[in-house]
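Each of the next two complexes has chain A plus one other chain: chain B in the first, chain C in the second.
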Partner chain A sequence: MELMAKVAFCVYTLVILGGSIFAVSSSSLVRALVGLITTLVGVSGMYLLLATPFMAFMQLLIYVGAVSVLIFFAIMLTRAEAGGDEGNSAPMRTYVLGLAATMAPAGILGWLVLTKPVESIAVPVEISIKELGAGLLGTYFLPFELISVILMVAMAGAVLLTWEKRGKK
Partner chain B sequence: MSALTLYQIVALMLLCAGLFGLTQRRSLVGMLISVELMLNGAGLSLVAAAQLTEFSATLGQLGTLFVMGLAAAEATLVLAIIVVVAKRFGSAQTSDITTLKE
Partner chain C sequence: MFGIPMILINLVIAAVAAMIWLALNALVLVYCERKFAGHIQRRPGPFEVGPHGALQPLIDGLKLMSKQLLTPDNADGFLFWLAPILSMIPVMLLFMPIPYGPVLTGMEVNLGLLLILAFSSFNGLAVILAGWGSNNKWGVLGAARAVAQTVAYEIPLLLTVLSISFMTGTLNLSEITAQQAGFIWDWNIWKQPLAFLIFIVAMFGETNRAPFDLAEAESELTAGFHTEYSSMGFGLFFMAEYGYMVAMCSICSVLFLGGFYGPFPGIEGWWWMLVKTYALLFLMIWARWTFPRVRFDQLLNLNWKWLLPLATFNLLATALIMKL
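Up next, the complex of A and B:
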């Protein structure tokens, strides 16, 4: 069974790596979105490996179900060009500076992760949805209420921003 | 190498891909896609750290749920902003949106 877990981890890592490279390098935004969805499915597989099936389900429901559809709407509403929005490639200077900006935090964080390893439990324990619900309505009640307020405000703000008065045009 | 280190490296990979995409993309939607990649890396790192150490697993999972909720709210608002910008400037490329006031 341990071998199976290792194989699954490698497969999900490859899916995440391939999807994320596709998502940042593709010249067509719709293809980049497909890369993003591949990555999201890979991360949900990682959640399954960590014995958190509820998080995997929420990942599929919220990200793959809702956020990717929102991004697809954004692509359609901005009249994406057929030849790809990222057609002419960036100048070399932007590329080098972007790579440096990526490598600086990656180097520091990678060095910390590799040199100060934390002892980890071999088999993670699955906690039930009941406990999560008890946590939401008990200890973490305030953030639970605040996130609903934030979602309400975001929804109202989005409607207000794109509002057009009738007969204005 | 412990299991937690492997998961953290995968999360770091997602962060790098997102950061690099954020600097390279020239359209607002492409930048939104990169930000979602980074938020996913953060969620994966949180859940891995909570599940594989003695830390409270409930807090880790609920924290990631809140990250997901914030990501959904953020995507909604960014979509609205992109639509407004596209309507006003005629495109959603960052190079076209450099004027402050006409």
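Up next, the complex of A and C:
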């Protein structure tokens, strides 16, 4: 089973990396969105590997099912037919800087993992959804409620923005 | 056996069984659909191939397979061919956690209901990519409609499913079935009649079936998102649509109609599941040939002004009653 977990980890990593490279290198926005979706599916696979199937399915349901569809909606509304500025090839300097920006966190995290190994490498235990709910409404009550307040503010803000536009007409 | 874990063998068998189940259902449903359509419109339907046209779906399949695969000019070939595959693959996963009989469950998943909801949302994505990728005005129009429709109808569906899982306290489909064992009045439909109705309506919206088939709307948009698809490209969409129908009807029977339990104790078995699923499928086909297609604003109004408030109210009422 341990070998299978390693194989799965490699596959998910490849899916995530491949998806993200496809997303940044493609000239059309819709193709970039497909790359993003691939990456999100790979991340949900990682959640499965961490024995958190609830997170994995929620990732699929919310990000793949809803958020990406909304992004597609936004692309359609802006009528970005094929590319826009992103479609043109960028100078070499941009690529080098982009690569540096990607490698910096990877390097720091890799250095941390290599020099200060984690104390426990035990297989994570699957936590039932009931325990998760009890935790959210017990120990982590304040952050949980604060997040819902943030979401509420964002929603109200969105409504307010469109309201103003309609008034100006 | 060769060090292969038992669970993997189980998984492969379940996947193959799901594929066979899907293909068989597609054949049977194509025949049923055409026959029902015929009889509803007072004509016999297909009659030439085989007794009462029974071999018609096989011949249809052969015809589809022998056609040429065409990619339209200036279409995004990658997205164009990704879409039908993306619409087909998740369907097989949908059948895994559904308990078709006392021991006939592909894969026992604790979060089975969530798995189904997560993977059924791929269908909308596939429809959108198909419409966009085929570089066709009708395709894009179909995709635009599909976007608004899938985003809208997913919400009441989720809310009704949530009210069932509030009531039963689990997301495992086998446990939900087990809680409905006994007589016919133990089924969830009597405890959640409003949720059942909302689920049925949202089911039509989710599977893009008439009267909510605005993404294809053959009289306005030729064929909407699959206008440009020939041969098995279209065939895959077609099979996926029937697959989603079967999956949704099976889930509806599990959630509301007692799954594989009969109307009184002691006679449970997979045949009940089959009877219930096909009764719901018949309802879907019946509705398609009875109701005219709704207009797009009617579709959205129905969802946002009726289904969503009702489903929210139902969820709150369920939570209140469960707490008391």
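Just so it is clear, the second predicted complex is superposed on the first by the 149 of 169 C-alpha atoms of A that agree within 3 Å, B and C clash if a C-alpha of one lies under 4 Å from a C-alpha of the other, contacts with A are read in each partner's own complex, and residues count from 1 in each chain.
The rule is short, and it goes like this: a residue touches a chain if its C-beta (ideal position, glycine included) is under 8 Å from a C-beta of that chain, and two chains touch if they have at least 3 such contacts.
Note that the coordinates shown come from a computational prediction; the quantities given were computed from them, not determined experimentally.
Annotation for the three-chain superposition on chain A: chain B and chain C fit side by side. Contacts of A:G157 after superposition: chain B is touched, whereas chain C is not reached.
In the superposed three-chain model, the partner touching more residues of chain A is B, compared with the other of chain B and chain C. In the superposed model, A:V34 makes contact with chain C only, not with chain B.
In the superposed pair of complexes, A:I147 makes contact with chain B only, with no contact to chain C. Within the superposed three-chain model, A:A66 lies in touch with chain B and with chain C [touch as defined at top]. Contacts of A:S128 after superposition on the shared chain: chain C is touched, whereas chain B is not.
Looking at the shared chain after the overlay, A:F54 reaches both chain B and chain C. Closest C-alpha contact of chain B with chain C, superposed model: 14 Å.
On chain A, the patch touched by chain B and the patch touched by chain C overlap at residues 54, 58, 66, 70, 73. Contact residues of chain A toward chain C in the complex are 1, 4, 28, 30-31, 34, 37, 53-54, 57-58, 60-61, 64-66, 68-70, 72-73, 76, 128-129. Listing the residues of chain A that touch chain B in their complex gives 9, 13, 16-17, 20-21, 23-24, 29, 32-33, 36, 39-40, 43, 46-47, 50-52, 54-55, 58-59, 62-63, 66-67, 70-71, 73-75, 77-80, 85-86, 90, 94-95, 97-99, 101-102, 105-106, 109-110, 113-114, 117-122, 124-125, 127, 131-132, 135-136, 140, 143, 147, 150-151, 153-155, 157-159, 161-162. Chain C makes touch with chain A in their complex at residues 5, 76, 78-79, 82, 109-111, 114-115, 117-119, 121-122, 124-125, 128-129, 132-133, 140, 143-144, 147-148, 150-151, 154, 171. On the chain B side of its complex with chain A, the touching residues are 1-10, 12-21, 23-30, 32-34, 36-37, 40, 43-44, 47-48, 51-54, 57-59, 61-62, 64-66, 68-84, 86, 91-93.
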